[in-house]
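Structure first, then comments.
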Amino acid sequence: MTNEITYNYTLHLADNALILAQRNSEWCGHGPVLEQDIAITNISLDLIGQARSLYQYAAELINGSGSPASEGKQAASEDTLAYLRDSREYKNCLLAEQPNGDWAQTILRQFFFSTYQFLLYQRLQQSPDATLAAIAEKSLKEVTYHVRWSSEWVIRLGDGTEESHDRLLNALDELWMFTGELFMPAGYELEAAKAGIGVDVSTLKTEWEQRVNEIFAEATIPTSGREGGWMQSGGKEGVHTEQLGFILAELQSMQRAYPGSEW
Amino acid sequence: MTNEITYNYTLHLADNALILAQRNSEWCGHGPVLEQDIAITNISLDLIGQARSLYQYAAELINGSGSPASEGKQAASEDTLAYLRDSREYKNCLLAEQPNGDWAQTILRQFFFSTYQFLLYQRLQQSPDATLAAIAEKSLKEVTYHVRWSSEWVIRLGDGTEESHDRLLNALDELWMFTGELFMPAGYELEAAKAGIGVDVSTLKTEWEQRVNEIFAEATIPTSGREGGWMQSGGKEGVHTEQLGFILAELQSMQRAYPGSEW
Amino acid sequence: MSVQELEKIFLSKIEQEIKIEPKDWMPDAYRKTLVRQISQHAHSEIVGMLPEGNWISRAPSLKRKAILLAKVQDEAGHGLYLYSAAETLGTTREQTINDLHSGKAKYSSIFNYPTLTWGDIGAIGWLVDGAAILNQVMLCRTSYGPYARAMVRICKEESFHQRQGFDILLALSKGTAEQRAMCQDSINRWWWPSLMMFGPHDSESTHSEQSTQWKIKRMSNDELRQKFVDMIAEQVKVLNMTLPDPHLKWNEQAKHYDFGEINWTEFWNVVKGNGPCNKQRLDARRKAWDEGAWVREAASVYAEKRKARQEKQIA
Amino acid sequence: MSVQELEKIFLSKIEQEIKIEPKDWMPDAYRKTLVRQISQHAHSEIVGMLPEGNWISRAPSLKRKAILLAKVQDEAGHGLYLYSAAETLGTTREQTINDLHSGKAKYSSIFNYPTLTWGDIGAIGWLVDGAAILNQVMLCRTSYGPYARAMVRICKEESFHQRQGFDILLALSKGTAEQRAMCQDSINRWWWPSLMMFGPHDSESTHSEQSTQWKIKRMSNDELRQKFVDMIAEQVKVLNMTLPDPHLKWNEQAKHYDFGEINWTEFWNVVKGNGPCNKQRLDARRKAWDEGAWVREAASVYAEKRKARQEKQIA
């Protein structure tokens, strides 16, 4: 039982990392400046690394569980979990799957997500689940850099030209409604928190808002006026936006077309 | 042997129709005017209808052939042929897989292709292969309309506003290099022509150019200055542009993810 | 004739089931109600193309792809009929479309839900078109002539769509375990939103009473909804699936199915613009319209040029 | 000092294998040759990101995805080193990039071929990087200091890439029949273009002689090509695959592999801009650059603002 909670919780963390990595990687070779092409690719790489560690752990859990789900199927691995689940089984938050849009939208998505992930991993380091704690600790160094990099860009765009300021506001309009879900725990998150393994994400909200507002203030972006706005949710429970199906069709195309092959 | 030639030749005709239909169908719900949204969708539907007839015939040929390719596999059908071949096996011309671009690009692609297909089917009606002749005859009515519709739009855009004229010229710049392949016969086309089943496409070129130039003249588009320009080829032999892989990843995603299911 | 006399004639026509035609006198409020309703209906057809259009490129067989494409095309056609019907009341298509894009005009809230699996295409056909048909069948007898006639054409195609949707689910229900799960999942997600399509309870419905009096509507929201539940509760048995409502139960006395309460908070929330896809749908429509501006302009400039040339030839 | 004297010093440095440094006097033609070659090399790294980038989203395992992403990122890094090396010769990165976008500057023609299957990612690593390394190893000893030092850094990563490419093909070669066919197909398509990477025959090569004299180049095109053929002809055996050249044969006397004639018509045609992807590659680079203009502007305006604020604080 605890195993299944941890399994779902771990998958959720892994899916977040993988889907955002997949999105960010679309920039590779198409960035606005070479140095930033490298930077966003680097973040992609960090996130894929996190996803791999988490999927590997989830695979261990499911393979060892003897649960009905694991019977008669090929053993789970990082790749079966990433490549052979469909969009209704993916547990990533909606924010991660949103399109790249322009550079402002990519930056803001990263800033929102990394700030959240930073707070989450900080707490997850203390998890009694040694594997999750270790992954969180290792990842935290990377995420600290993601937060700094994306914060600097938010400030640069917000306090840059009129155009960059407007584009950032537009990005905010596109993405704000997907931030609420980060702090609304899904069933398995609640249970993982109860079991002491996971983090109660609702407790991260205040600090997240503070940190976001600090950077927004420096970026000359209004820090109020968004209270009470409607928040989309569902991704963590597998009810995604129409984006995810297309992401997965591409991501999974090879494994689906050549099942059971080694690469 | 003749069977295999006919099989490949039929697949080529089918792939042309399917891939262009798939491209055109991306407009559905996103057209510039409701009436034209309907018109382009209609062309898509006609092309899918052609593709289905042709794939069904190809499936018959391969199922009845007792060839090594057919052994030990599930029986071929319109769907196995459309959904389970990879991009290196697809035989469509490069023109069909080019992106929609703006309305001018879609229109010009259709105009080039339909004018070609019209001349081709006109001749294919006389094929001693009764099935191909019948499909050509039936399709010719549809294609006649496609030619008329796309010609009218070429004229409208060419002789419309300065912007539409420029956009059409830009489309010409994007697409012209893919027109040559239509008239360069692939191996199986040559053999099909030799066997009297298929059409030697190189003989269609002059009339195609005449017809294109007539419409271009009315559209106030230069009818000369493109001679000797380099022509891309390879699609008919399975060497495509990088576009096709993505088209197929999406097109085939369901059949690949749920192999062997009935829909 | 005085307004009172005109109104008397108008009401007596309504009374005698004589259709009101574009050139007939009609009360301003009648005209306004119709314009609002017909254009809302037209917009629903157009916006309704998007969730289904989302699966055209991924339809799992060529036959299903062709059927889906034809269906979405039919919806565009329905939109055309309805924009034309609205035009007979003195609004232009452009005005009507602008009202959609500015957010002033509404469309059926159901299209603000995403299509996440192929099963959703079946569920939309079966449940959403099923619900729409009940409304549309009623509207075939609506008092305004052009609207009623548009509805007659639409109804024919729509019932075809519903059968196709059911057929998609039927194939899934006979398929693999994964397909059956896909089928049930789609029904689960689309059931309640399709019940919401009939609008608020009669007791809460603002426009209903007047519309009924004018015979624009001929059945109440709750009556239509009950009819729908009775129909679907039977059909779902053929699929060997269930509806996600623990309160659903045949009531022998009422000869109707009882069913649970709708989540009206969700309903109003989606109407207000907070559905999963409200922004995405409007953005897609605006984008198509804005990016098509140069095409429409070119077409109209060319038409003028051509006309001028022809006139010159004649002169 | 007179130009003659300066030139004498310059040539004696070259003679003694002393690196030429940015502040040293150098002949104009030497500078121009280097600028052309280094920026062409830089552009090749940048444009080279595109064919491989094309498969990042579809890499068949997470491990391969990470490796590929890191590899393409390395290429961006190599581009940076090389743009910096070019800058030491007095050109700005922006100028250099403009020359690429205007079509004035060239890049390696190999990147005008499409990546059609996952096998192509392996073939690029093994063959294209393999060919590039031979050239780059030679350039580690080139006479211009900053270029030579950039090359040392690049070479380390590049040989890693070649092994990764080979490893992709090795996995395919041990895989299913479909995978083995994919492997052979990629080798077939990339073999000849990779031979072309070494440029025209020595007898046809316009810049070679002077470059050799200045020790910019230290081996001829044909020498490098032969080295490459000898290396690959052995490695392909490990894959149990073949190279698509009926004339390929060990020549016991020469202790080299003989091989068939390159299709030079194709080579010059692709150089002229008629490769399968020339237009697509340049369009992609231009698009990235143009769409990034507002980002670069915002960054520079912000940097100025910040500097002004800091100066004000200090003052």
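By letter and in written order, the chains are A, B, C and D; residue numbering begins at 1 in each of them.
Throughout what follows, a residue touches a chain if its C-beta (ideal position, glycine included) is under 8 Å from a C-beta of that chain, and two chains touch if they have at least 3 such contacts.
On a predicted model such as this, the values are computed, not experimentally measured, just so you know.
Looking at A-C and A-D, the interface holding more C-beta pairs in contact is that of A-D. Rounded to whole angstrom units, the spacing between the C-alpha centres of subunit B and subunit C is 35.
Residue positions 86, 249-250, 253 of subunit A each touch two or more of the other chains.
Among all residues of subunit C, those that touch two or more other chains are 58. Viewed as a contact network, the protein chains fit none of the simple shapes, being neither a path, a ring, a star nor fully connected. The set of touching chain pairs reads A-B, A-C, A-D, B-C, B-D, using the touch definition from the header.
The part of subunit A that touches subunit B in the complex is made up of residues 86, 246, 248-250, 252-253, 256-257, 259. Listing the residues of subunit C that touch subunit A in their complex gives 51, 54, 58, 114-117, 185, 189, 269, 272-274, 276-277, 279-280. Note for the complex: subunit B touches subunit D at residues 86-88, 177, 230, 232, 234, 239-242, 245, 249. Across the complex, subunit B meets subunit C through its residues 18, 22, 25-26, 28-38, 41-42, 44-45, 48-49, 51-52, 55, 78-79, 82-83, 102-103, 155-157, 159-161, 163-164, 167, 250-251, 253-255, 258, 261-263.
Interface residues of subunit D facing subunit A in the complex, by the touch rule stated above, are 46, 49-50, 53, 56-66, 69-70, 72-73, 76-77, 79-80, 83, 118, 168, 171-172, 174-176, 178-179, 284, 287-289, 291-299, 301-302, 305.
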